[in-house]
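Note that the chains take the letters A, B, C and D in the order they are written out, and that residue 1 is the start of every chain.
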């Protein structure tokens, strides 16, 4: 057995013990983590509901899903709550990206911090599921290579272990794309969007996409026909991505969920870069009280404003 | 099939229920459109969409079709329909689905239980049964109809006429009474229990919102109606009306094709029957 | 928004000489500014289609994207000058949103001239006329065709 | 072959392995591929089609186009799926004209599998198999140095006759090789049969089971859009200038809004109810209505589920 695997296994054992403990002491109703997937070399999200279930949980480098996506539904109050209804107490096994998402959800009141027990895991980067026949069973995903904080800050339980060193966060890929001529950029954008089959996996996998009724599902008015009319698909993607402006934690849940292998990161990352450069905000890392697009400063940049009197 | 709107009647105080009387634009369409009580049709507004709506007129009402449509704030088609005026043209595709098996029920007593806005195809049925040519073919007919409030009752004029007829027992009830309401107050299942129509040689046709169906079935069974003698009509979102689009599945049945009329024994064990 | 249900309300053509510009003007300043420009008989191009909104903060980025899809050659959003917002801070929040939107659309390859933002107060009739002139001439001077209009093309049969 | 019809077959595509694309003299046929990511049903039942237009007060149905098409080299499981779709769209009660016009103009030549396309293949369990014939007009076997063709329908026979000049009679060895290939591939596939599932369903009315299997379901449509047999659709009316057009679009029973009625009532509001609908449709309703299991075991939904939900496991839990 290689030393690295051994390290993973001890991390896994420590995690299981910690979760078992939570159940035994009645501190949680459910713990969201991972179990072994049915495909070779895979992991999938798992809701553990008992100490026994904790034994089924795993931790390895295939745990790429962002499990924060399940929180808004868990913390949803029923319309007519039964007497004695209580919101669940939820444990979450978190990587750095999950942690950043959770911070955002707490900020946006989609998760109750006092009902959450965050189990911070060490993360050396995750391998996204191998779905695309052409590609080899993948290395660590791009999100992980470019990840600026691979462990969760403010975790309630910290499972110690070795994590990946933070990347520079210099958005080199975005800046390179930016330097291309406009028509090339548009061509690339359309080429990526053309692959879309509108299965909504990107939206459903995104922890930030918790709207009760998505604009794309609205019928009055209808913003983006749910079929495969190209221009409507473009509206859908611009709309969906822009809703993440200043909120996207660059976890690549959308990229990993996409069955068609659309490189959404090339575009969502631009929004993250702008949020950082214009407003100094890195969601889940810097400590704003509200997302940057819900607030303002008197001296925000105005360089984009058209001034007709300017010559 | 294009049809012209001849008349629009407001049905309730809230003004979100209207009955549309349509006439056929083409004579051929009229001759080809033969429907039975309990069937529905897809009503469309061009460029807006299509909705399945139960036919409220009786097959014996020649030359016209009537649909009663409730407008929902989120309903694209229902809102568009309500925005139309007399003289406008809309599309009708149908008739679709099965019907109440009235031929098979000849000679039987009938108990018709309706709730709220689901009374449309029952109205079609009652109009048919009360026609001069048909009334003699059936035994006693009892109608129990309830709505949330007096203002929500459909077809008030007809209800009044029916209540005066001797060959028909009509009980109208509202969930919540008001000062101006002289009639009965009470939920449909309770009224059913109180009036206790005999199940002897009788069939029951019951239509209403899922919650009413849920509470109406037990008293019906208690009264002695066996599940195969309870007929109900389900409502689902539909697209094609031909059992293909998959939307209206209730278990293995397609409401559009195998329904909307089901006997209770067919659907009582399907978890998604809605009640 | 009922008109959004109807598609292609605007021109489809790329070769049209006179561009159509959808202008979202805030009720309190820019709309009044446009009014003043009219009352003062100031000349400005007739290419704008004005949509009055309560505040520039009310303009959802989707409105802008949708206007482009429906065939607008350009979109202009104009509100009160910072500090003058009728709702105190609507335009300041909008400013952040538009800064990101403009940058994002430009990144995707949409010419920055097609989506413009400005401030016009109720007393600035002249500024409004000048603004429209500038936006129209910017768009007329564009060498590249409109990028994204509601097309007949149904995508993704090939994969 | 490409001359008198549009020929589509597996061609290399960097990102996707192989796609079902137009064959020409210049594109290389890629015989040794796993399976397409998108099911070939999209050629017969496209994701988006205009079915009628409305202008000046009258509706005109879209003229049926019938470009002759040869679907060459699709996998037997996908061909089987086409046979299933035929039962839905060309069944006795109501024939779908849009599907029919395409189907009639299409010749299907499937390509037997030399090995499972992925570890998620389970066609052997669903009654399809690496060389099943249903849905195909002819079948090809890739024997390495030669292609063996076998006609299945009259249409396929006629097609092979027409191109007899390019073909020769197969040798007994070659026939033998094809048989060997089939049994060798079968050995690599699961042996468990799901044919009796419709009869074995036991817990299908227990909501707890469905809650459990669907707890991590994100309610996206990846499984249904990639499924070769899923055929739910929606109509979409849109205005165009003074007129309007009606589109038919794929839809997915896993979407929360799928069965939502205008009144706000949603008969399948929970992910578990939607999951039940999808699985039961494949393993219970379709067997009752069409006498076929509507799962061909291609494994696409397992590979592409963002939460890695496995329909094989779901089914075994329900029949447990």
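As a working rule, a residue touches a chain if its C-beta (ideal position, glycine included) is under 8 Å from a C-beta of that chain, and two chains touch if they have at least 3 such contacts.
On a predicted model such as this, the values are computed, not experimentally measured, just so you know.
*Asks:* Return the chain pair with more inter-chain C-beta contacts, choosing between A-B and A-D.
*Replies:* A-D
*Asks:* If you take the mean of the Cα atoms for each chain, which one ends up farthest from chain A?
*Replies:* For chain A, the chain whose C-alpha mean is farthest off is B.
*Asks:* Indicate the whole-number Å distance between the mean C-alpha point of chain C and the mean C-alpha point of chain D.
*Replies:* Measuring from centre to centre gives 45 Å for this pair.
*Asks:* With chain centres taken as the means of their Cα atoms, state the distance from chain A to chain B in Å.
*Replies:* One centre to the other, that is 48 Å.
*Asks:* Could you please state the distance in Å, as a whole number, between where the Cα atoms of chain A are centred and where those of chain D are centred?
*Replies:* 32
*Asks:* Two-or-more-chain contact residues of chain B, please, as numbers and ranges.
*Replies:* 47-48, 74, 76
*Asks:* In chain D, what residues contact two or more other chains?
*Replies:* 13, 16, 37-38, 47-48, 234, 236, 238-240, 251
*Asks:* So which stretches of chain A touch two or more other chains?
*Replies:* 197, 220, 222, 227-229, 260, in rising order.
*Asks:* Considering the complex alone, what residue numbers of chain D touch chain A?
*Replies:* Result: residues 13-18, 33-35, 37-38, 47-48, 119-120, 215-216, 218-222, 224-226, 234, 236, 238, 247, 249-252, 255-257, 302-304, 306-310, 312-313 of chain D touch chain A.
*Asks:* Can you name the residues of chain C that touch chain A in the complex?
*Replies:* So the residues of chain C touching chain A come out as 1-2, 4-5, 61-62, 65-66, 69, 76, 82, 89, 92-93, 95-111, 116-119, 127, 130-131, 133-135, 144, 147-151, 153-157, 159.
*Asks:* Taking the complex as given, what residues does chain B use to touch chain A?
*Replies:* Residues 74, 76, 79.
*Asks:* Which chain B residues qualify as touching chain D in the complex?
*Replies:* 2, 44, 46-51, 70, 72, 74-78, 89, 91, 210, 235-237, 239-240, 242-252, 257, 269, 271-272, 274
*Asks:* Under the definition above, what is the set of chain A residues touching chain D in their complex?
*Replies:* Residues in contact with chain D: 37-40, 42-47, 65, 69-70, 129, 131-135, 197-201, 203-205, 213, 217, 222, 225-229, 253, 256-257, 259-261.
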